[in-house]
Every structure is written in structure tokens, then in C-alpha cells.
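Working notes for the structure below.
Chain nomenclature is as follows: A, B, C, D, E and F, assigned in order of appearance, with residue numbering initiated at 1 for each chain independently.
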Amino acid sequence: MSTQNPTPAGDRVDGRTPDQLRDVHITRNWLDHAEGSALIEFGRTRVLCAASFTEGVPRWKKGSGSGWVTAEYAMLPRATNTRGARESVKGKIGGRTHEISRLIGRSLRAIIDLDALGENTIQLDCDVLQADGGTRTAAITGAYVALADAIAWGKQHAAVPAAKQVLTDSVSAISVGIVEGRPLLDLEYREDVTAQTDMNVVVTGSGSFVEVQGTAEGAPFDRTELGALLDLATGGCAELAQIQRDVLVEQR
Amino acid sequence: MSTQNPTPAGDRVDGRTPDQLRDVHITRNWLDHAEGSALIEFGRTRVLCAASFTEGVPRWKKGSGSGWVTAEYAMLPRATNTRGARESVKGKIGGRTHEISRLIGRSLRAIIDLDALGENTIQLDCDVLQADGGTRTAAITGAYVALADAIAWGKQHAAVPAAKQVLTDSVSAISVGIVEGRPLLDLEYREDVTAQTDMNVVVTGSGSFVEVQGTAEGAPFDRTELGALLDLATGGCAELAQIQRDVLVEQR
Amino acid sequence: MSTQNPTPAGDRVDGRTPDQLRDVHITRNWLDHAEGSALIEFGRTRVLCAASFTEGVPRWKKGSGSGWVTAEYAMLPRATNTRGARESVKGKIGGRTHEISRLIGRSLRAIIDLDALGENTIQLDCDVLQADGGTRTAAITGAYVALADAIAWGKQHAAVPAAKQVLTDSVSAISVGIVEGRPLLDLEYREDVTAQTDMNVVVTGSGSFVEVQGTAEGAPFDRTELGALLDLATGGCAELAQIQRDVLVEQR
Amino acid sequence: MSTQNPTPAGDRVDGRTPDQLRDVHITRNWLDHAEGSALIEFGRTRVLCAASFTEGVPRWKKGSGSGWVTAEYAMLPRATNTRGARESVKGKIGGRTHEISRLIGRSLRAIIDLDALGENTIQLDCDVLQADGGTRTAAITGAYVALADAIAWGKQHAAVPAAKQVLTDSVSAISVGIVEGRPLLDLEYREDVTAQTDMNVVVTGSGSFVEVQGTAEGAPFDRTELGALLDLATGGCAELAQIQRDVLVEQR
Amino acid sequence: MSTQNPTPAGDRVDGRTPDQLRDVHITRNWLDHAEGSALIEFGRTRVLCAASFTEGVPRWKKGSGSGWVTAEYAMLPRATNTRGARESVKGKIGGRTHEISRLIGRSLRAIIDLDALGENTIQLDCDVLQADGGTRTAAITGAYVALADAIAWGKQHAAVPAAKQVLTDSVSAISVGIVEGRPLLDLEYREDVTAQTDMNVVVTGSGSFVEVQGTAEGAPFDRTELGALLDLATGGCAELAQIQRDVLVEQR
Amino acid sequence: MSTQNPTPAGDRVDGRTPDQLRDVHITRNWLDHAEGSALIEFGRTRVLCAASFTEGVPRWKKGSGSGWVTAEYAMLPRATNTRGARESVKGKIGGRTHEISRLIGRSLRAIIDLDALGENTIQLDCDVLQADGGTRTAAITGAYVALADAIAWGKQHAAVPAAKQVLTDSVSAISVGIVEGRPLLDLEYREDVTAQTDMNVVVTGSGSFVEVQGTAEGAPFDRTELGALLDLATGGCAELAQIQRDVLVEQR
């Protein structure tokens, strides 16, 4: 499922208007083994999201009657323009990887009723096959689709009672930023590196905020700029929520 | 230097009002060897901040004429109520530690003119001796004082030209959150664990935002709640900026 | 480019005959950033091969006038039927990963004239997106295509003189094995786990052996069986060499 | 509690006489969370000692009816004159750290009746906040105070029967050395680096030896020199034992 | 036990004929503590093989009624001509070490009836004390002797029923290679480094293959060359099998 | 070279008298590649000591005109009665290993004139092949022999001027301890585990102390006991110094 945005008419580096998303494609069930999976593309950014459903929970949740959802994010060495060393070879996870993995996990848990999930674990793996800006927000958006399918799998296989409402909402995410003084939606890499302020916003399908992470890369920002960025993000996430709904409906 | 807040008259867990900081103390030059240092206390939270000034820059900045500021955050094993394992013994840095170290570094770099610093490096070490909520924001606030002294040291020792304006502003940080439906300033640990939304805000002395990191721990939050939290944080950081100014003036 | 094998008429688990390859597809230039890349599929096995061309060589080859080709193999956590832990999270590379990475590097170096490459390095990354048996041999076969394109890139960008013959031959690889007493070509996972003898064979385009790695998983094997397996492998690799030629010609 | 030694009248680098300790201060209960804690200062050397009491013992002692006491020593990166890299960042504990941690643990266990402690564990954490020579001996001396309070805590909380005599003696430690041919007590850093022989001695409150670790840094030493050093150490530890008694009595 | 080959009359670097083994010595029970051990020497190559018998199996085999045999290979730092860094100091096992450990384990398991062994584990440690080519094949050959003794120990101590036939065959290994165009048996280091093709062959006492690992170091090899190498290896392993039989018989 | 002590007539666990060494054997040049080597045996304790001479010094000594001597100690997994896990597999060096490696290095440096050595490095590797108590002291005693030969090698190969006196003395080491109230020389393992006090003493050929490390394992010890242990150790080391002299003379 994808949104083929109309021919760009704006003046951004790739011709988009300030509030225009890149073309977004979601290929559901890209993998044969995973209980849920999605290959999500935002322009040239491609993230493979897999959801693994397993019965049982980590030791610290045993006997709680409640489930767990967690995530790991990683990037293939040649996802980027210049090859990066593998974290497995370096023998440790970098700070950025840790930070994004934690963000994805928190974002997905925000729309899950862990009690309804029961003592089951869903592990999300978001592997960036190609990076062109916005990999963490693409990962969250795609992971939601994989997660939804893994929950459906759990119900079909009777690990989760069919009557339970495990998902309390949907969730998507987008990056926004101030580039050359102008608030822009969905930064691609060339925009990202020149942004003065960079913000990742995670929004539920019903329009509330799950995470707001704004960072002044150059000059600090004020309340007005913050407001403009949140407006853009809210609009972008509404579009993404629609794409998610469409892809989950059409292919079912 | 410290602010001895008046006897608490509010109804929070420790008697504070919703917009009241805990008692804040900054002991400048707590260490004898470091070029700048501060022991900062927010109530029972105590963070020892050391700034190490060294000539030269990391390899990737050599020849750029520009300097570097970086930070490492850590917690002593018994800073917390229950002892935590040492990261040195586990052989790796955890995700939370990485994330906070990166936040502190970015926050301090936001108010530094790295070109004016010249090819020098300032390494900030923020070690939590005791934790009771708000350790990362206390670390940023204290690190600024240590940083200012390390820059003064660099000028006194002619590593930085005395005429250069290296600091472009001051910076402080505070945590805010929604606890039992109410926006509160400067959460202590008991409040932190029950907050539905938790936000760390980094603000310059002139009142602009450097970082805004809001997370829905429970229910997602809306624009109104976000606004109330930002108001509290802006007020709290203005108080902290004044304490920083006082401590840097009085003891010079 | 792919070979669509005719409708299986054999009696193997997926209907193939003993000497029949699975459907093989090679999508050249699957990645936008890499100097060479190929997504190779052997049935449900999918490996993404990227070749990164960089000027310069590792320290131990500096000044030799000669280049270097090396490889890293890895598997996404959910490539397999049951999720495997990430090696980056475990903090170390497993023995199997090491072994296969070394095999791929040796195999590709066998058909490269490192002196003709000059002091340049080509790093091959073979990441298994989905595993269904034969991942290492698919990796070698796909890596050759990525390598050929990376060398072409080096010539186009004048890092390698256009007149140099850097590739001395092509190379491909296939797994063979004895399953229920019968020698079979290109084992899929269900066959692989029941094989008594498992052999990976790496063959040049001109039909010579680069590597022969045979392992008795169950009963030891004799010279006759070894001969039968080598015959199958030689035939399979000849088919793969033709597919490689086709894909490199058609899309150029 | 501290000993304010009279104005130095000797000819050592800081004016002390050869058998004179530096000013020693012990601040009991410096931490709010730990079951026992002490900030100990020997001149500019400052070590924060925390004792964590937990019920239960490591797996290898389970069911033995006997307890365990162990210690970890570490140094903050800017404790020293030049910043040292964090062991958590390096990903491994250095040899010196290991060695000192083991020494502290052994020293404390020497004056504990582990059977009387019952199946409880006391973990000592000795973190050097500032280093000016003698950090390991200060750590042992301070750790004893923290340990005594942790045991008292265990009795107050009924984890240890009040009638049990868990501590069989007290323990303290001091460094001695031969500097420019002269035996000296309690070396500060400037003396330490020029010592020909360096010895750390751990002594019980009743005057017996727990550890004697003498090392010829320059010329080997003979029995006479060894005797002179042991005399100095015995005297110094008797003073320290008195300070420990005073601090444990006065503040109770 | 050893084979003292007649005075070399060939034209190889050490005077051997192409199909001649180096002098092979096996000192059984070189160690006092291990349940089985052998110091094996192939010329100057010396490998100490220890077999440790323990009751119980790894977690993943518990309750299976079946045992486990595994191996670890390592090299002392000064086994080689130039000192190599210790893997313990580097903090990780290299790819070559991993590969050889896995090969030894597989080779020994090929001649063991794990069901007959019962829920017992035999751990083989093969430590190269001195290296001069052929360390992995010497390790396999010596490990068999240690393994046989460890099984005998298990029977004597009633951990394995005396009537069970645990060993189904014997196993030995040898390296062969093409050096200056000529197939040679049992390469010493000087021959190994100049070999165009290098092959390690693991053969049972009854003459079947357990592993065939041939690698073209220089030019690829053809079926004829492969045949010649297998002939040499088969002959060499038959000699080794006889030495193993002799050493196990004579010293019993 | 060895000392064959007369038939034991004492009442120790192996029949020795309290001041009697175990049989000590030193096999010089046990290795073919190392510049110096010795296999040293104290009863069943066997340590292989290798000295590697390399031109050049670590970075921090470059240009000093002075050399470096360092040591690494390790134990094979099955050196002990029960197999221990490899430190390379665990991925880190244990505290005990670190501590002993540092002790060996310090002990050897005490009798070396590093300036006379010039900018050369000697690396000592002491690998315990079998352990039965006293491995660290055997390692020091054997390492001296390997070191002496490596220095001679350096002179023969003109890396060190023949006229330089690099060794200023010899060095050996022995363990002593109080077992069942009685001071004993050269503890074997069964004695070591029951010792109340355990002391390792490193003594020069001329009878001065390099290291004295006494530890109360059970009850603390007094000056009289310390004196008795030092007397035993001094006598034992004098015997060892003679054995070292003999082995270095006879085989030259």
C-alpha cells in the first residue's frame, strides 16, 4: 500500500511543498517467517520491520498476567552514503542505536494494552536497509503495521483471546524541522543535515502526542517555532495514520 | 551558592507548590584538580560535575580551528535506593546512560561558540552521587557552571584568547510532568514514577529552548497540557539561570 | 535477472528434481548508495549484497601497490523461523558468522587480481534478510555481481585504470548434500536439516574449484558419494555463472 | 568525625613529620539511601564508601547458612590530576581496579564472622571522588565504618539476630614507604611517585596484620627497612582505629 | 607412542618424500588431573589435548538421555615464530579460532554415539604449545586419544555403563596441499605458506571421510588435483590410525 | 636442570619437612621459536615461560632510550582439578590473572636495568599447563631463566651492546604459609587451601626483598609469625637462585 503524492510543485530540494510527505509505501508481509512484517519506504529511506510473537514474558514480568513489547533498531553497514562499521564487529551498541530502540519500544507500548496481550511478548526488529533521513520515524510507522499483524496472528493461534482489544489506538511518527528559517515536514537527509531545529513527533491515530523530541542543532527555538513544527507533524501523522489503516484493511 | 526556598506550603508529596523548585545548592570548585567543577544538589539529588580542559581536539576536528565539548554521565552504584550493577563490571554502557550523556553534550554545545574555543576540548563528567529524580537536568545545570570555570581557566592559561566570547549564553534544565492530572515542576523520584507525562526541558539564559523531550508514560498528552508543562519549565529554568549567575559572580 | 525454472516435476520436498536449482533472482543495484549491490534470491532465501569501494588499503597493505577485498556476513534477527539474538546486542560475533565471512572473502579474492585493483579496498556486506538454506552460497553468488559493479564504478571514477583486468574470472557457489541417501543440488532448509552430508562448493566461471567444504553430519561419506556431490555442484554453478553473466550484461 | 593534626612541624613535602598522618575526616551517613556510608578524607584524598545490605547470598553460598561481604573500588574519571578514561566506556575493568577491589573485600572479610551474618550479603562500594595517594587504604578504613552501620541496620531490621557478634574486630589500613631513604607514614601523591619501596598494610583494631603488601619500586629492601615500615604502619593504624571508634560512638 | 620415520630421503624442505608424515609422537596422560589427555607432536608442532568428563549436559540437551562432546582450540601467544596477542586480552575469540574449535568438535562427534554416552559431557581442550603447520589436524588426532581415555574413565567410574559402545570408530586428520605444483602430505609451516591449494581431511579409522576442506590459496584446483590430495590424505590418516591404536593399546 | 630432593622424611601431606622445597625441574629452551624459554616444574605444578624479544618499545616509552619488560600469566582450562572456563571465551581477564601478571612484570623489572636494555621490549608469557599450588612463584622463577636467555639472544643479535650489564641480579619467588599453626615452605595445593596465612615472597639472588605479599586467610597474623615466614622464604629462594644459576651455566 502506498501514497503516491502528486507531482511535487514546491521549492524544497526535491520539489516538495513544506507540508508535503515523501512518497510513502508499505509492503505488508514482506517476510515469510515473521508473525507480522512490513517494508516501509519514505522516499529512498527503507526500513524492514518484523514483529516476532512469542508466548511468555521476560523474567521480571512473570506471573503478572501482563505482556511485553520491545524493539531493536539497527542499520545495515551500507544503508548510508558512506559505509559504517557493524556494531556486532565493534562489539557494542552505539548511543544513537540504543536511543532509537528505546524510543520505538516506548512509542508502540503507548498504544498497547499489555494486560489484554496477556503473558506474551512481541519483539519488534526495525532494520534500516537504506537511509535517507527519517529512519526512526519510518521505523515506528512501519512497526505499527507489523505489530498489528502479530497481534492478529496471536488471536488466530489462540495465544490471545479473540475478544480482547489489545490495540488501544494506532501510532505513527514523522520528523519535522526548521531549515533555512522555514518549518518543513518529513526531512530527507540533505534537509536534515542543514536543519537548525530537528524534531521527531510520535502521534496516535486519535491525534494525541506520545513523544515530542525537539533539538536545537543550531540556534535555540522559541514557542512560536515549536508550535509551527507541531502543526506540521500533526498533519503529517494524520496522513500516515490513514495509510496505515488502508494497508491493514486492503490486504487482510 | 543555593536557593533556600521558603517553607513549603503546597500539597505535593514534600509540601511544595506545583511551580516550586526543590532547594538548589551549587558548590563551585568542589574538586581540587579539575579546571572547573560543581557539586549540584536539587533536594536529595546530588551530581558532581567536573570539566576537564585539554588542548587539542579529537582526530576528526584536527585542523578545523574549532574546539569540542563532550559529556559523560554516570551513576554510582548506590546512588539509588536499590544498588545497581556497575556498567564497568557489566562491560557495557546502558542505553539510558548513553542517551543522557548525549543530551548533556548537545545542551552545552548549544551555548558554546566552538570556533571561539579554538582547538581545545572540554570534557564534562557528570557523576550522580545520589539520585532522587531529575539527575539529567541537574547534571546540565551544574555542568554549565563547571564549563564556565573551565573556559575561564583556559583564558587564564592563555589556551584561549582572553578577548574571545566563548559562551554565547547560559543553559539550565528542569524536569516537569503531569502527576495525577496536575502539571508539576521539578519532580522528585516519588512523583517521577507516577507521572503520566514526563518532560525534560533545556532552556538558555535568554529563554529559548535547546531541547524539549516529552514522553507519555501513561496516557498520551495534548497541546494544552504540553503548553502548561512548557510554562512551568520556562519559569523554573529562569530561576536556575539566576542561581547560576549568582554562584558564578559571588565566588569569582 | 532470474531463472524461472520450469514447473517442478521431481519428488523433492518442493517438487524439484535432484539436480534442479530453486528459482534464482538477482536484482542488480537494489541499493542507491553502494558502488555495487545485488539482492539475490534462491527460493525464499534472500541476501542483500553491497560492495563498498574505498580508496586506500588497510595499514598492513600500505605501500604494496596492491588492493584488498574483504567480506562480512550477517543475518537479520528474524531472517529465520525463530528469532535469533542480534550479535551486536550479544556483543560478539559468533563462530558461524566468522566462518562464513571468511569463506566469502576468500572466494571473491580467488577471482580478483589484487595488483590490478591497485591500493583500493572493496568491502562486501552480505546481509541475510530471509533464510531458507544456502545463505552462504547465495551470498557468494550475489557478492560477485556487486563486486563486478564496484570495480566498474572504480574504473568510471578513475580510481582504477580502465585498461586493467581486475576480475580474472567469475565465481559462484552452491550447496549440495546427501539426503536420505540421495545426492541433491541446492538444499532448502527442510532438506538441509536432514542431510547426512552437507557440502558447499565454490566454483569459478571456468569450472575450477575455489573451495570444497564437505561435512558428514550423520554417517561419514566415501569417495563415490563425494564424486556425485561434486558433479551436482559443478553443474549447478555453471547455471549460476550463466545467470550472473546475463544479469551483468542486460542491465549495463 | 576527624582528627585535626597539629600544625605540621616536620620536613616532608607538606610539612608533616615522618610518622604523622594527614588530617583524617570521616563523615558518617553521607548518603541517604545506603544502609551504611562514609565519606572519608585523608588530606585531599576523598573516598565515598557505601555499604548495601541485601538478604540472600550468591548462588555458590546458598544453603550454607553463612553470609558474604564483597567490595568494588573505582575512581571517577577526574579524581586524578589528568582525566582518566572511564572503565565503563573502555568496556573492561583494569588490573589495578580488580586488584584493589579484591584487597578491600579480603580485608573486611577478615574481621567479619560470616556465619553470624547469616545468609545476607553486604556489598561495599568505594568510589574515589578525588585522589592524592592512599586511596585503597582510605577505602578500607572508610568501608569499615559503612560496614559497621550496615550490620547495625541489619540488626534493627531483624535480618540479623541482635545478639549475634558479627564484627570480630575493627580494621583499618595505611600506606607507608621509603622516600629518599627515609621511612614515611601515609604517603601523599607527590611522595608516592618517588618512593623506592611502597607498602600497604591492613591492621585489625587489636593490632594484628590482615595484609602486608610491600613492593620495591626502585631498589629491593631488606629486613631492617621492612621492620621500620611495619612499625610506622602499626602506629598509624592504631590512630585510625581510634578515629573509627570515635566516629561510630559519637554519631550513634 | 610414536612413529620414528626412517631417515628422510625425499626432496622436500626437510628431506621428506611427498607422501611421508613428519615424526609423530603421542604422550598419553601427559596431565595428572584430566580424565584423558595427550601431548601430540607432528615434528615441531606440539598440541596438548585434554578431555574433561563431567556428568550432566548443557541446558538444551537436558532430559534427552543423550550426551555432548565439544571442543575449544587455542594457541599460546609464543607458539608461533612471532608472538601473537592473547585472545583473552583482546577480549574476543578470532574467526580462525572459532572455525577450528567447531571443526574439532564436529570431527569427534562423528565417531561418538551420543546416546550411548548418556547425559554426560566431554569437553576437549586443544592448546597449541608450539606451531609448525598442521595444528588443527594434530589437535583432532590427539583429541581422539584423550577422548578415548575420558570415556574409559567414565566407564570405570560408572558414569557410563561398561557395556555401552560409545566410540563407533576412531578418527584422525591430516593436512595436504599442492606446493610448487606437487601434492604433498602433512605440510610443515614453510610448505604451508607457499601452498597453492591447502586441504584438511578428517578420516575415520575405517577410511571414510568426516570432513574435506579444500581451499585454493593461489590458483583454483581441478578434479584431478583434488583426487591426488585425497589419496595422500587417506594414506596418511591410515598411518595415524595405526599410531592411535598402538598408543591406546600399549599403555593401557 | 633440577633439584632432586632426598626422599621426604617430614610429616607434611607429601612427606616433606617444613622447610623443604618440592622437586624443582627447569627445562631450558623447551620452545624452538622463543628467544628464551623454560618449562619449570615444582612437583606437579608446571609452567611454560616464554620470553619474546622485540626491538622497539611501547608508544609511551618511545625516544626514552630505555626498554620495557612486561608479563602475562594465564592458566590452561584443564590445568586445575576441575576445568575452568577460558578467559578468551568469557571475553575478559579475571582479577586474579591481572594481579599475577602485574606481579610477575614488577618482579622481573626489579632486576633489570631498563636503560641498559635500550629501546627493546621483552614480553614474558607464563602459561600454567598444570597447577598444584605456587603457580605464580614458579612463573617468576622460570621467567627469570627465559628472560636471561632472551637478553643473551639480544646481545648475540646485536640489538643490545654486548658490554651492557642488563641484569642487575637474579630473582626467584616462593610461597610460604601457616598451616595448622605451623610455618611451611612451598605449599602444594592441599596445603594452600587450608593455610591460615598465605605469603608470596620475591627475593633477589643477593637476598633482598622485591615483593612481600602476606594475606590472612583465616586469623590475622603477628610480627613473630611474619618473621618465621620470611625466614623460610629467604632460605627457599636461596635454593632456587642456585638452581637458576646451575641451569643457566650448564646448558649454555
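Here is the rule we use: a residue touches a chain if its C-beta (ideal position, glycine included) is under 8 Å from a C-beta of that chain, and two chains touch if they have at least 3 such contacts.
Bear in mind that the values here come from a model prediction, so they are computed numbers and not experimental data.
J.: Touching chain B and chain E alike: which chains?
T.: Joint contacts: the list comes back empty.
J.: Enter the minimum step count from chain B to chain F; a value of 1 means the two chains touch.
T.: Graph distance in the chain contact network comes out at 2.
J.: Distance-wise, how many Å sit between the C-alpha centres of chain D and chain E, to the nearest whole number?
T.: 52
J.: Where the centres are mean C-alpha positions, what is the separation of chain E from chain F, in Å?
T.: 33
J.: How many Å are there between the centre of chain A and the centre of chain F, using C-alpha atoms for each centre?
T.: Their C-alpha centroids are separated by 60 Å.
J.: For chain E, which residues are shared contacts with two or more other chains?
T.: In chain E, 91-93 touch at least two other chains.
J.: Quick one: ring order starting at chain A, direction chain C?
T.: A, C, E, F, D, B
J.: Considering the complex alone, what residue numbers of chain A touch chain C?
T.: Interface residues on the chain A side: 31-34, 37, 44, 48, 50, 52, 54, 72, 74, 76-81, 83, 86-93, 97, 123, 125, 127, 129-130, 132.
J.: Given the complex with chain A, which residues does chain B contribute to the contact?
T.: 92-96, 98-99, 101-102, 106, 110, 169, 204, 208-216, 219-223, 226, 230
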